[in-house]
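Each in structure tokens, the structures are laid out below.
Below are two complexes that have chain A in common, paired first with chain B and then with chain C.
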Partner chain A sequence: MLSYLLAIAIITLIYLLLSFGLSLQYGSVGLINFGHVGFFAIGAYTSALLALSGVPLFASFCAAAIAAGLAAWPIGLISLRLRDDYFAIVTLGFSETVRIIIVSEKWLTNGVQGVPGIPRLFSSLPVGLAAQLATAGLLLAVCVGAALVMWRIIKSPFGRVIQAIRDNEDALKALGKDPARFKIQVLMLSAALAGIAGAFYAHYITFIIPEQFVPLVTFYVWMAIIIGGVGRISGAIVGTVLLMVFLEGSRFMRDFIPGVSEVEMASLRIGVIGLLLILFTLYRPQGLMGDYTKR
Partner chain B sequence: MNRTRREFLAGTAGAMALPLLTGSGFAQSEGTLRIGALNPVTGAGGPYGEGMQKMILAAADAVNAAGGAAGRKIEIFAEDTQTDPQAAVLAAKKLIEVNKVQAVLGTWSSGVSLAVVPLTNDAGIMLMNTSGAPALSVPPANEKGLSYRFQATNDRFGRAFAEIAEKEGFKRPATMAFNNASGIGNTEGFKKAWEAKGGEIVSSVVYEPKQTSYSSELMQILAAQPDVIVMGSYVGDTTIILREWYQAGQPAKWIIPGWAANSDLVAALGPDVVEGIISVDSVSNEEAAAYTEYDKAYQAAMGKPGSDNVYAAMTWDMMTVLALAVEAAGTTDMAKVNEKMHDVANPDGTTVSSFAEGKEALKSGPINYEGASSVLDFDAYGDVTPDFSASVIEDGKINRHYVVKI
Partner chain C sequence: MTFAAVDICKAFDGFEVLKNVSISMPLDGLVGLIGPNGAGKSTLFSVISGFMPPSSGHVAFNGASMDGMSASTRARAGMVRTFQVPKEFSHLSVRENLMAAAPGQAGENLTSLFLRPGLVHRQEKALRKRADEAISFLRLDRVAETSAGLLSGGQKKLLELGRALMVEPKLILLDEPFAGVNPVLIGEIMERIRELNGRGIGFFIIEHDLDALTRLVSRLYVMDQGAILAEGEPATVLADKAVRDAYLGGDA
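Up next is the complex of A and B:
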């Protein structure tokens, strides 16, 4: 039982790292990024392939963060010319491009066959609880670290500048600030977080295949931050935890609702999430943890 | 904040489940045999998952009706993989950790099976899948010999294609493959087998999913003047490719896997376009008594003929053969049961076609279960080799012409 709860916790924490990044981008700079999964994939493949060729895990995790962060740099340059929906389309295209490159470059990524046998974190510990506990602990530490960094950013002069970018970019330019640099920095930072999340994912699941990195992952993260509240650390946390607990908890609901088969439960689960999203966008667009004083 | 909230919510979910688990444990006789059904109820495997799951339940009912295996009733815990490796890993964790299942049956796509197999290996229990990827046969996936595959590998499909192409007298084959593990596995398997026969492939192309037109890929293939085009494809893309080929007007024959060249394809294109296409599929063991029983159960559960879902026949066999192995081992110690898997399924022994029959025959000697999905003989890798059928589409009907053994 504990091991199962830990598994849920680990996946939740991985998604939390993704939510932090998206929340920072949308909530502060106002970038609508539909391609977050691309950075996640880059992180996962970078770390997995390096680890399989014998690089120590610590170094491969760092490389995952750096590779994902660097991949965000050209996207950042593009973001200067595109706003809102146009940027969203480009990022969606970016994540699909990443996926297709992974599919096509067989010599490197083994294409659609996927990469099996990725070493686990803490493989020196006995298989089972100890290694899982250590993984969850490390992830928690990384999440807390990321949250602190985000909190610092939001409260710092840098944070006020990026919020100003969201609210009125022209006014900011008139004040002599350069929004471009800030946007690129925010993008690269959150991409690096996604890269670390990808590395954790690869070394936890131990098998990665391009079909795991589809846009649905990005939209799960969007769902989480829409439900939780955009641009707030607490919103990202609450939204992600709620989404994952609902997705997993619904496995147990079947035991209480008589006469619902697994087949019907699966459809019900998707239906409820869809309904929740609609209700939230209609009645609480600022999310659960959002600012209650303004709409 | 983060941690306490997560733990509280997750803990609540767990706590809600606990009374049920212990409850069901005590309600049944001293220790049921707990089996996990992990099937693709939603996602790409959705059309098959429901039938697969229901056939595991139906086969378990048949085992229980015959008094259970090694004196134990079977209890099924069902989960959905969502045809997604990550969801499947969590579902498998739940089955193994919370429900304490002794085997996991019925993972469908290769991605899911490869992601779940490290978990079942760690737990020392069996994983039975219907996936095509060759990687599942060998270490690390099958390092403990606990992984069983009830479907032909993509490689075997390719070999069947080569046999049929040779039999039909084709000389200049070309291949087109959908870019995923299964599509490429088919055409690569064909290429290997065809070149081993001394043949040559005149052209080959791999195409990306979900395009609205495949005319450039098709023109590239047709430019090589092939006499037959071998496909590793699905219904949607095959429909587009065949339509464009028909409009181009260049004569060629087609060999297409059965999951793509089916009645949906005929309905989408009309009989003129698909005339003469050779459709290749692994055949369920339709003559066998086990198939008749499976068919009856499938009709009752799904209201459709059993031939609708080859994977459901495989999951039916999974449950049956596992129960027979438990009966033969006389224990639910899975290490011992695993040793019996080959014994009860492979030749030498009384041929049996159901659990009840096998249980009876085991009293007097070894048995050989002949399944609904195939004769079900495992090789050293835990793979089966079903027979393949070559059917030709004539006047909009798919008529089976002959069966190929590889």
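Up next is the complex of A and C:
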């Protein structure tokens, strides 16, 4: 049981890193990124492949962050010329392109068969509780670090400018500042976080296939930050935890709802989340942790 | 040192909005531009400030060509504009609006934000002081902590002027600073503009409120149907027959 809870905790913390990045992008700069999973995939494959070729894990994790961050740079350059909804579509296309490249470049990624046998974190510890605990602890430390970095950024002059961008880009240009530079940096920073999340994922699951990096992952993260409240660290945390508890917890709900098959339960789960999203956007667009005095 | 727009033309789908418009003024001048709705005044502003490329023509500022430069580059060169409909940063407070406008902040660079926290802290302190000076200069003290989105129309005009000041500009382009502003506040804004002009900051002002504008500026341009109709001292220009026909409806 403890092992199961730890597994949920680890996945939740991985999703939290994804939520932080997306929340920073949307909540502050107003970027609608539907391709977050693409950076997650780049991080996962970069670290996995490097580790399998003998690179130490610390270096492969750093490489994952850098690769994902760099991948965001051209996306930023191209997409920042586009308005919100176009940017959303371009990023969605980007993440699908990443997945299709992973499927087709078999020499590198082993295609749909995936990459097996990825080294675990803390491989010196025996498989089981101790290694899981250590992984969860490290992830928690990384999440706390990421939250501190984000907090520092939001409260800084940089944060002031990115909030100004969300409010009015033209006004900022008229004052001599270049919104593109700030947007690209935010995009690269959150992509790097997603890359680190990907590396943790790869080395925890130890087996990655392209199917794990479908757009649904991005939309789970979106759901989490909408429910929790965009642009707030607390919102990302609450939303992610609630979503994961619900996704996992609803597996057991079938025991209490008679006459529902496993497949039907999966659909029911998505249905309930969809309903929640609609209710939230209608009645509480600022999310659970949002400012209660606004809107 | 001067500001000059030379032979500016701008056409949208073949429709000429600006026809060979030329304007020039010293950088410490106080110059107005009037004209009926649709004369092309705001389009001219957009072209001058780099928000819209001209079909042809040149803009020179402080001895340098501004052709092909982005809006933000032009602003950094010292030519800052405001907008007809105020574009405040609505979720930021008035003070934060002003602070966000200041150039050269180390804290806007992620590297120095994390590696030089001391410098960032000192700059923020100094910047806050500067912002508060601008706030009391513009008499916005009572709303310093208020979200800019909640200000009245006139206060937003003042805020835009304040933000422009934070950039330490040589020339401010004001787009209808008196539109929708109550008469008392208009007097207030005019007073501030005169005071700033006395400190050497130039103003180029589009305005509908003819009365206020002629009392303020030392030189006036009149635009009609995309072209400059007249220019000169306000009194002379307003006595011009063509101007009276175009702008004042002939018998005004």
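List of remarks:
Here is the rule we use: the second predicted complex is superposed on the first by the 282 of 295 C-alpha atoms of A that agree within 3 Å, B and C clash if a C-alpha of one lies under 4 Å from a C-alpha of the other, contacts with A are read in each partner's own complex, and residues count from 1 in each chain.
One rule holds for everything that comes next: contacts are C-beta pairs under 8 Å (C-beta built on N, C-alpha and C of every residue); 3 or more make two chains touch, one makes a residue touch a chain.
A quick note: this is a predicted structure, and the numbers were derived from the prediction, not measured.
Touch criterion not met for A:A67: it reaches neither chain B nor chain C.
Of the two partner chains placed by superposition, only chain C is touched by A:K173; chain B is not.
Comparing chain C and chain B on the residues of chain A they touch gives the larger count to B. Applying the stated contact rule after C-alpha superposition, one finds that A:A197 touches neither chain B nor chain C.
With both structures placed on the common chain, the touch criterion links A:I75 to neither chain B nor chain C. In the superposition on chain A, A:Q185 makes contact with chain C only, not with chain B. In the superposed model, A:S3 makes contact with chain B only, not with chain C. By the document's definition of touching, neither partner reaches A:M150: not chain B, not chain C. The touching residues of chain C, when paired with chain A in their complex, are 49, 51, 70-73, 75-76, 80-83, 87-92, 96-97, 99-101, 103, 105-110, 113-114, 120, 123-124, 163-164, 166-167.
Against chain B, in their complex, chain A makes its touches with residues 1-5, 7-9, 11-12, 16, 100, 103-104, 111-114, 116-117, 127-128, 140, 143-144, 147, 201, 205-207, 209, 211-212, 234, 237-238, 241-242, 245, 247-249, 251-252, 255-256, 261-263, 265-267, 270. Across the interface of their complex, chain A is touched by residues 1-3, 5-7, 9-11, 13-14, 16-18, 20, 39, 41-42, 49-50, 53, 78-80, 82, 84-87, 89-91, 93-94, 96-98, 111, 114-115, 118, 122, 133, 135, 140-141, 179-181, 184, 208 of chain B. Those residues of chain A that touch chain C in the shared complex are 149, 152-153, 156-158, 160-161, 163-164, 166-168, 170-178, 182, 185, 189.
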